[in-house]
Amino acid sequence: MAKIVPKIIPLAQAVSDLVHDGDTVALEGFTHLIPFAAGHEIIRQRRRRLTLVRMTPDLIYDQMIGAGCAARLVFSWGGNPGVGSLHRMRDALAAGWPEPLQIEEHSHAGMANRYVAGASGLPFAVLRGYSGTDLPLHTDTISTVTCPFTGEELAAVKALNPDVTVVHAQRADRAGNVQLWGLLGVQKEAVLAARRALVTVEEIVDELTPLPGAVVLPAWVIEAVSVVPGGAAPSYAHGYYDRDNAAYRAWDTISRDRETFGGWLTSLQEGSSS
Amino acid sequence: MAKIVPKIIPLAQAVSDLVHDGDTVALEGFTHLIPFAAGHEIIRQRRRRLTLVRMTPDLIYDQMIGAGCAARLVFSWGGNPGVGSLHRMRDALAAGWPEPLQIEEHSHAGMANRYVAGASGLPFAVLRGYSGTDLPLHTDTISTVTCPFTGEELAAVKALNPDVTVVHAQRADRAGNVQLWGLLGVQKEAVLAARRALVTVEEIVDELTPLPGAVVLPAWVIEAVSVVPGGAAPSYAHGYYDRDNAAYRAWDTISRDRETFGGWLTSLQEGSSS
Amino acid sequence: MTTTEITWTADEMMSVAASRALRDGQSCFVGIGLPSAAANLARRLHAPDLVLIYESGTIGTEPDELPLSIGDGILAESALSVVSVPEIFNYWLQPGRIDVGFLSGAQIDRFGNINTTVIGEYDEPDVRLPGSGGAPEIAASCREVIVVMRQRLRAFVASVDFVTSVGHGSGPGDRRRLGLRGAGPVRVITDLGVLEPDPATAELVLTALHTGITVEQARAETGWELEISPDLMTTAPPGADELETLRGMRTVGG
Amino acid sequence: MTTTEITWTADEMMSVAASRALRDGQSCFVGIGLPSAAANLARRLHAPDLVLIYESGTIGTEPDELPLSIGDGILAESALSVVSVPEIFNYWLQPGRIDVGFLSGAQIDRFGNINTTVIGEYDEPDVRLPGSGGAPEIAASCREVIVVMRQRLRAFVASVDFVTSVGHGSGPGDRRRLGLRGAGPVRVITDLGVLEPDPATAELVLTALHTGITVEQARAETGWELEISPDLMTTAPPGADELETLRGMRTVGG
């Protein structure tokens, strides 16, 4: 049933209610509107054995992997955009530190279509992709289907239906309807594909004034909304703040070394929840 | 190659250049922004043996069928919305007047997904639909596929790629980029699925000011733009005019009788092109 | 204190009964005409947080007046969100996230299957009807379907000429076998009363009569041996507020 | 009249050569970094109507400054249209409506296949790279692919460790057999020169050297027996306007 009760609750409570050990969790945001604050709260609450799903695992997943939240990573491009590699992810893959990490690897088009299938209530999606590449040898959620009309063979990818999707948006109204704009990424699909959705927002407003290019997600497809100003920092929140590029560069240094990272993690865990 | 030369040309020339006898032609607009003027121009230019594609054949297709333009109709709901039946379509189906009419019938979801597949460069689309209905017995562009991951059987529909798609939009800029808003229907998909696209617009503006909920179609996916103020009348053009409901009711009378319709057709054909 | 006698038409009773079937906070896939009137009546009375979704792509529509057609601008202007037609079917209807869908038709059979395609043979029809529209997928995917149509012998038939939208197929278990995930028609609201599928047989049985209607009238307008529920109810007559609100709703341009 | 000596770096030569490969009016799928610089350089010089498309969903982007990342707000603000990531891949890239795609990689082989996934074994890699991103479908679906990467012996290998993005497979006809509809890599622009597939063998051969580079240098940085085109060209050095414009382009926040 459509949910009419707005669930605007603090982030710590939302994470506690919605994200459980062993869940498949997608934090989405295509370089823009990355839900950093929610990821940090998941680290603080010491969630374990998560399957982390994200097209572009970058700093936030490097941090969560380094903190030991993840058992598995489902992704299509992993790096520190414009800076370099993800050292915590590499350490987990190569040395199993702090936990072994399995991977399930796709292309962007494959991941996007997996969310589309999930949002559409379909078990799989069809695309032109993967043909001739080595990815299908290593990823069992890639297969093929044959067109019943032309006989042509196409790629099929398994639907993604996360237990929880977490996204950050610019604002929500008091009923819990959410509005986001600028680069839209795959957030609508990731929310609609999820069993439960958590949205952090910059602010609550009385009315969601229509804006060019904005997407509105109705309250009844969202489990909880948490007000977290700056919740996407150090990434972008269009109309609110730009990326803090120094933080992206600094992460390269922090993350190279387990001990330096440990210091970062301790100070994060000692910080208070939003 | 992307087309950079804006082709803002008169409607008569656009129809003459782009719509040929025997073509598969889609005039789209989901009750809103129906390209009536373009349909009338196709009638005036006496195109024949067209396959007419449209989710909701209403007055404009009843007129084109009555005028003898059509050999085949691909559709999902045919009626005079809020008024009644399409008498010219019924006469063509039952009595072959003025030309026999074949039909290829789908559901809305099936038609919408056929355009999506066409726009996506895929030969078919997958949906949950048709199961248990009698439509697949009569429509050979409906089939099934089996999910390679779950074994579940789903419906498959053949992609639609019209030779020409015609839509009406509120405005274009001088480069031929098109902006439409309000109820969006399936216009973007129908344009992107087509080999050639013709857009009639209410007006040309210097700049397409961004508007909430507006879709912009770049000039390079459009073959021709024609300026036709009132080109969607008697249907709606959001922000410009509402539906002329009296015209919809009047059509019921005009279309019931071949002779009355003949009078209407003569006066249309004697009218000048836009 | 004076008592005013309230009178109403059979169609008004049908609209009121349909509106009462909607619960506050539900999401509802609405078509133009009686379903739109019933849903907007419910939203004005007992279900202010009813979420209206129209197949032209509007989500959370709150029109001040009833839309004249599915393309009416009032649907877009008063919506929380407007999406494309492919999106409304693929992201919103198909996954089963909509609670209630309204359907109607030219024929309905004892298992709630609906025909809006042809009377007679498909290739040589006696009457060509508009066709499917969004109905087959509404019937497949909404969590529940409510059918609203006038009860007439020619329309309530033992077996439909053409299955446009699947109700309960040919009996219990058919929906699951066909992969249809919604519950299908849970209630058929007519101008005479209410029919509901018997859980054991999936056949539509009479569960309520509107005030002043008899079992014999309902049987006379039903093309199969209509079973009567042992718990047959009588629909409460339209209240003054229901009638006043229903009659006060203007249609755009009307 | 005085003559000023113009100097440039190898990377600048590579960017300029890449920008020259774009023709006015083309649509171009652009990645951040050198491709974005080259495409924006072309747009400022000889191709003012170049249509830039970024995988974050912006169509017809005309940034005043170079985006810092694929999520940079300048991409949305200066775009004709912003669409979702699924839409950019499904409606725009996949159907083959984009003329040119830029790719790069850690390894490229003699048939233009590209590796951005792992060096070494997939399960026990020597170096784990970022992975696919949008590259496999850019390689499959753009009408033409232009590869831009520094020519080094460890990168220009006889056979890539992992095929992330298909070039010409294992030879002529492979793309058609694999159902890949674009032409694949038509040109590999390096800091030394230009390689193009031989129409008969699909193997990359040297077709141009940048000013001042020798065949021996190019051969020394290529992991297969590099064939030299009989029509070997010399790339014109960067013009003053090209260098000035390239050097004048600021990156957002930079």
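By letter and in written order, the chains are A, B, C and D; residue numbering begins at 1 in each of them.
The rule we apply is simple: contacts are C-beta pairs under 8 Å (C-beta built on N, C-alpha and C of every residue); 3 or more make two chains touch, one makes a residue touch a chain.
Since this is a predicted model, take the numbers as computed values, not measurements.
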Touching both chain A and chain D we find B
Of B-C and A-C, the pair joined by more C-beta contact pairs is B-C
Farthest CA centroid from chain C: chain D
In whole angstrom, the CA-centroid distance of chain C from chain D equals 57
CA centroids of chain B and chain C: separation to the nearest Å works out as 29
Whole-Å distance, C-alpha centre of chain A to that of chain B, is 39
Where chain D touches two or more other chains simultaneously, the residues are 90, 94, 141, 181
Among chain B residues, those touching two or more other chains are 121-122, 127-128, 152, 154, 188-189, 213
Among line, ring, star, complete and other, the chain touch graph is other
Contacting chain pairs, sorted by label, are A-B, A-C, A-D, B-C, B-D
Within their complex, chain A touches chain D through residues 29-32, 55-56, 75-79, 81-82, 85, 89-90, 93-94, 105-110, 112-113, 115-116, 127-135, 137-138, 152-154, 182-186, 188-189, 213, 235-236, 238, 242-243, 245
Listed in rising order, the residues of chain C that touch chain B in the complex are 32-33, 55-58, 68-73, 75-76, 82-86, 89-90, 93-94, 117, 122-123, 125, 128, 130-137, 140-141, 162-166, 169, 174-175, 178-181, 252-253
Touching chain D in the complex, chain B uses residues 1-4, 119-122, 177, 188-189, 192, 208, 215-218, 220-221
The residues of chain B that touch chain A in their complex are 121-128, 141, 143-150, 152, 154, 156, 158, 210-214
Given the complex, residues on chain D that touch chain B span 23-27, 49, 51, 59-60, 80-81, 90-91, 94-97, 99, 141, 143, 181
